[in-house]
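Both of the next two complexes hold chain A, though its partner changes from chain B to chain C.
On to the complex of A and B.
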């Protein structure tokens, strides 16, 4: 026993700081959250066990339906559009050489350095009816103004623009690194075989880039499903009222925050979080399965 | 087939490529330029009449900045300091905790290694949305609402950081460590004087990612820093955009600009490291 301690103690001493904080501030909240999702609790009065009531009342609430509907619409637009644009931008930058290549890569990356809440705060004013630059430019072209922030048909699109304005640079940099890893001989061989640029992209670039593409797609889904900062700011939301005009930008995390910190329904909010996690796990599970099937082919 | 039309074709596509690249550049940079132009223009004419496509008054800009910084008893300046401390301490905490644990996972065998590592993997799979409310309740129970430790401490045991550093540390040659041990280095000494100096690149990468995530964190300060004296920059921006704000567009754009300056400066200084770091995180992850 003494020997065992002497042999391994030094390893555990090095691990201790991380795992103390990890257990208290990450593991414990996960289990605690699961536990309180079965209670009605406002953090003041004693908790009351309610079984699955929190899950049922969240699922039956009208806000949940709207939030999930908005989420599906948003995710199904923003992820494919974002990946496609990032890929095209990466190809564009990759087609330059030397100084222009580095210059465009850096400038396209600049929006990624702007925090998302800040991007939302800037774009909110770009979208504002009277003084927003977009509607002013549309006016010059004699196009009627668009209510970017209040027309439920457009609001999600407005969010998609903000989101991608900021994230394309991030994805582009990752995809560019993947492009650089593709051996040049593949393209040489394709050229000998008489393939054109488009065929090269379809038959060489995309298959070779698949692991990196998969990473950006999975990452894109996971963060899009938890969208919060940008719609919260764009709609000037508060815990008491959130989601904007006609709840056009109401999303699950906003609703969860509203229930927790507006109504002090911590049990319901926890149940909300776990339901959202289930959706995220299903989506990433499907993605991994698709990736593995393609990988086996 | 003559050579002439072929060459013309190449040129047309090159021109098209440049046009697209420049349009994309305008889209990427215009919003930031517009913010800058609003701040550095006389507030006299309304934006709807003069949309501020370029800056027109240096002194108006400095007046705006001076007003934004000093307003409400230097509240914005205080928020800037709060965010700076929040970010610095989070980076330090993440680097120390994750590098110590990653040292063990990457380079040694010990009982329970697999279980501990899968535990961290499990936690990384759990989206932050699940832990936000219970972690808030825990921090509230500790009496850490509106404190620096309430902002920092829950974020420092980063499972992502542990994984990233473990992958990098695995590439460290065993011979160098053995040589240090023969020279009499202790277990901690090898970590401190061999592994850490050899991993500067990985540590810088993790520091950059942590900087971007912490400086840009909105949800956590929103629930933790609720008192005006503990507001972070993100909270100030939220306040200026709030429903009942009386702030003018000039003031809002000035705080936006001030909030953006530090990340942008950071990018200008560490540009190549940031881009390299982000691309490595994608390839390794």
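On to the complex of A and C.
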């Protein structure tokens, strides 16, 4: 024991500041949030223990069902579409060399750097009924205008477009780094064996890129499950009214915020947060399992 | 091991030496010279009241007050609506509320629930009659939900009315002087506007306040808000159904763009949209457009279903004091200073904004102020009754969703109205 202490004490002392801040700013809020989820609490008056009531109230509310349904719809579209587009863009940019490569890499990355409130304002303009640029183009093609932000049938699609417009650049940069690490000899050998470009992508690029692809997919799922800011801004939501027309863009985090700050139901908001965390854990667990199986294969 | 022990002791000694250099140590040897009367008041204001010309005038009031009260310092912080709501909640939880803050009356019940407001009744009653008589009795009553309880000083207010693009009206063959007081007459004008190739009205069913402005044209005060004692909504299903039918009729002559969208504003300014429903704040940009691009417009009271019940919504804003403030008397003194007639008159003259001071309103001859006052007489409040109880979660959204369901043909106006009343009553009862 003495040897162990002598060997590692310094290291632990050096890590102490990190553990202090980690405990204060991460662990404490998590445990406190979990604790609050069993209380009725308006942030000011003494909390009243209500057992599982908050979880039951949230699960029984019509908003929860709609928010989860919207979330599943959104995640199942945005993540695969986003990864596929990012991958294709990364392949395209990777095929360039020199100045064009730098130009396209920067161009695709620009939307990621634009502040979201600004991007949402721009997209609200683009989606404007009748006079928005998309509807003007549709008009030229004799297609009737679409109410992108008020028609519940297309509202999720509007969000998916904005989301992918923003995230493709970020994912592209990560995938590009992975692509650069694939040894060129593999492609040379495949070429000698008579493989075409498509076969090279299927049999060399994707298997070699698997760890990076897994990261982008997992990150994409986790981000998408917590979607909040873009739909909040696109629907001009407030704490009292949120989710847009017929709740077409209502998502769990928005409902959580509305319950907390619109109605001072912090216990319910905490319960909501933990239910969402559970969903994220399950999805991430499934992803890891799939990755492990594929890795094993 | 000895080496490590020595290192740790050395670090501790160094740390102790450093703490000796901390400000606390300096204070012990050389006490700071602090004026005995120094009072700092934190003052949160609406973002538009704390910036631009309004912000400069607020700062002038602060400077005047500070000059008259040496040792007092007031820090003004502008906050937008959501920031104010979340900020007050968080600050109330941590007992770090600003000494003085502005807020909308419809958020008053939330603030009371949070214990974020001082009951100023005694301080108010201690003011001379000549001071108290300046204020609009209805606005004072609104701040006083129960006997001997007053949650702040009524400050400003607003109402919504109809901005008309006269170029569009004339192009549609409509004489702007022709008075429109009922929805039927208004629809006739809308038909002409659409026939001339313009849009009449933006979508009024996307935002809660727009809904209130329209519903006001068919309902009275008793047909709106929540009856907390009997745990039911006051919304009248027949009046509601009539309003939704009107909105559906008007939709045929209007645009899908929401009334509050920037796009609606731009369509109006570029002579493509005939009407916009908004409050006095909108006039700033239209007056500017009049100067720069020749926008020809005016504003009139919003028509109602019948001529005797015009539309439009109204709301008030107040200034409250934090229960945690250590300087409540000074905070009250400042509030009574800025709400006094000379300051309110300067405020109303600069911004043409309606306020609680009736002496000011009688002095300032301004058409925008007059129409706001006129609109406030007939307009419904946003979430009445104020300062009683916070509206249940989903209440306002339920109304908008129901309107949308009727508009999209999922349900008839009559059935939708019945469903809505049932849903609102359920929400109220669950909230008890």
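Just a few scattered comments:
Here is the rule we use: the second predicted complex is superposed on the first by the 279 of 297 C-alpha atoms of A that agree within 3 Å, B and C clash if a C-alpha of one lies under 4 Å from a C-alpha of the other, contacts with A are read in each partner's own complex, and residues count from 1 in each chain.
We adopt the following convention: contacts are C-beta pairs under 8 Å (C-beta built on N, C-alpha and C of every residue); 3 or more make two chains touch, one makes a residue touch a chain.
No experiment lies behind these values; they were computed from the predicted model shown.
With chain A as the common reference for superposition, the partners chain B and chain C occupy clashing space. Of the two partner chains, chain C is the only one that A:247 touches; chain B does not reach it.
Once the two complexes are laid over each other on the shared chain, residue contacts for A:226 go to chain B alone; chain C is not touched. In the superposition on chain A, A:10 makes contact with both chain B and chain C.
In the superposition on chain A, contact of A:183 is made with neither chain B nor chain C. When the shared chain is aligned, chain C comes close enough to touch A:45, but chain B does not. Contact with both chain B and chain C is seen for A:261 once the two complexes are overlaid on the shared chain. In the superposed model, A:131 makes contact with both chain B and chain C.
After superposition on the shared chain, chain A has more residues touched by B, the comparison being chain B against chain C.
Applying the stated contact rule after C-alpha superposition, one finds that A:96 touches chain B and leaves chain C untouched. In the superposed model, A:118 makes contact with chain B only, not with chain C. In the superposition on chain A, the residues of chain A touched by chain B in one structure and by chain C in the other are 10, 43, 121, 124-125, 130-131, 236, 238, 241, 261. Within the complex, the chain A residues that touch chain B are 8, 10-12, 14-15, 17-22, 24-30, 32-33, 36, 43, 89, 92-93, 95-96, 100, 104-119, 121-126, 130-131, 133, 136-137, 165, 169-170, 173-178, 181, 212, 215-216, 222, 225-226, 228-229, 232-233, 236, 238, 241, 252-253, 256-257, 260-261, 266, 269-270, 273-274, 276-277, 280-281. Listed in rising order, the residues of chain C touching chain A in the complex are 1, 4, 8, 81-82, 85-86, 89-90, 92-93, 110, 113-116, 203, 206-208, 255-258, 260-263, 267, 390-394, 396-397, 400-401, 404-405, 408. Interface of chain A with chain C (complex): residues 2, 6, 9-10, 13, 42-45, 61, 63, 121, 124-125, 128-132, 145, 147, 150, 236, 238-243, 245-247, 258-259, 261-265.
Interface residues of chain B facing chain A in the complex, by the touch rule stated above, are 17, 20-21, 24-25, 27-29, 31-32, 34-35, 46-48, 51, 96-98, 100-101, 103-104, 108, 110-111, 116, 119-120, 123, 125-138, 140, 153-157, 159, 162, 187-188, 191, 212, 215-216, 218-219, 222-223, 234, 237-238, 240-243, 249, 252-253, 256, 259-260, 263-264, 266-267, 271, 274-275, 278-283, 285.
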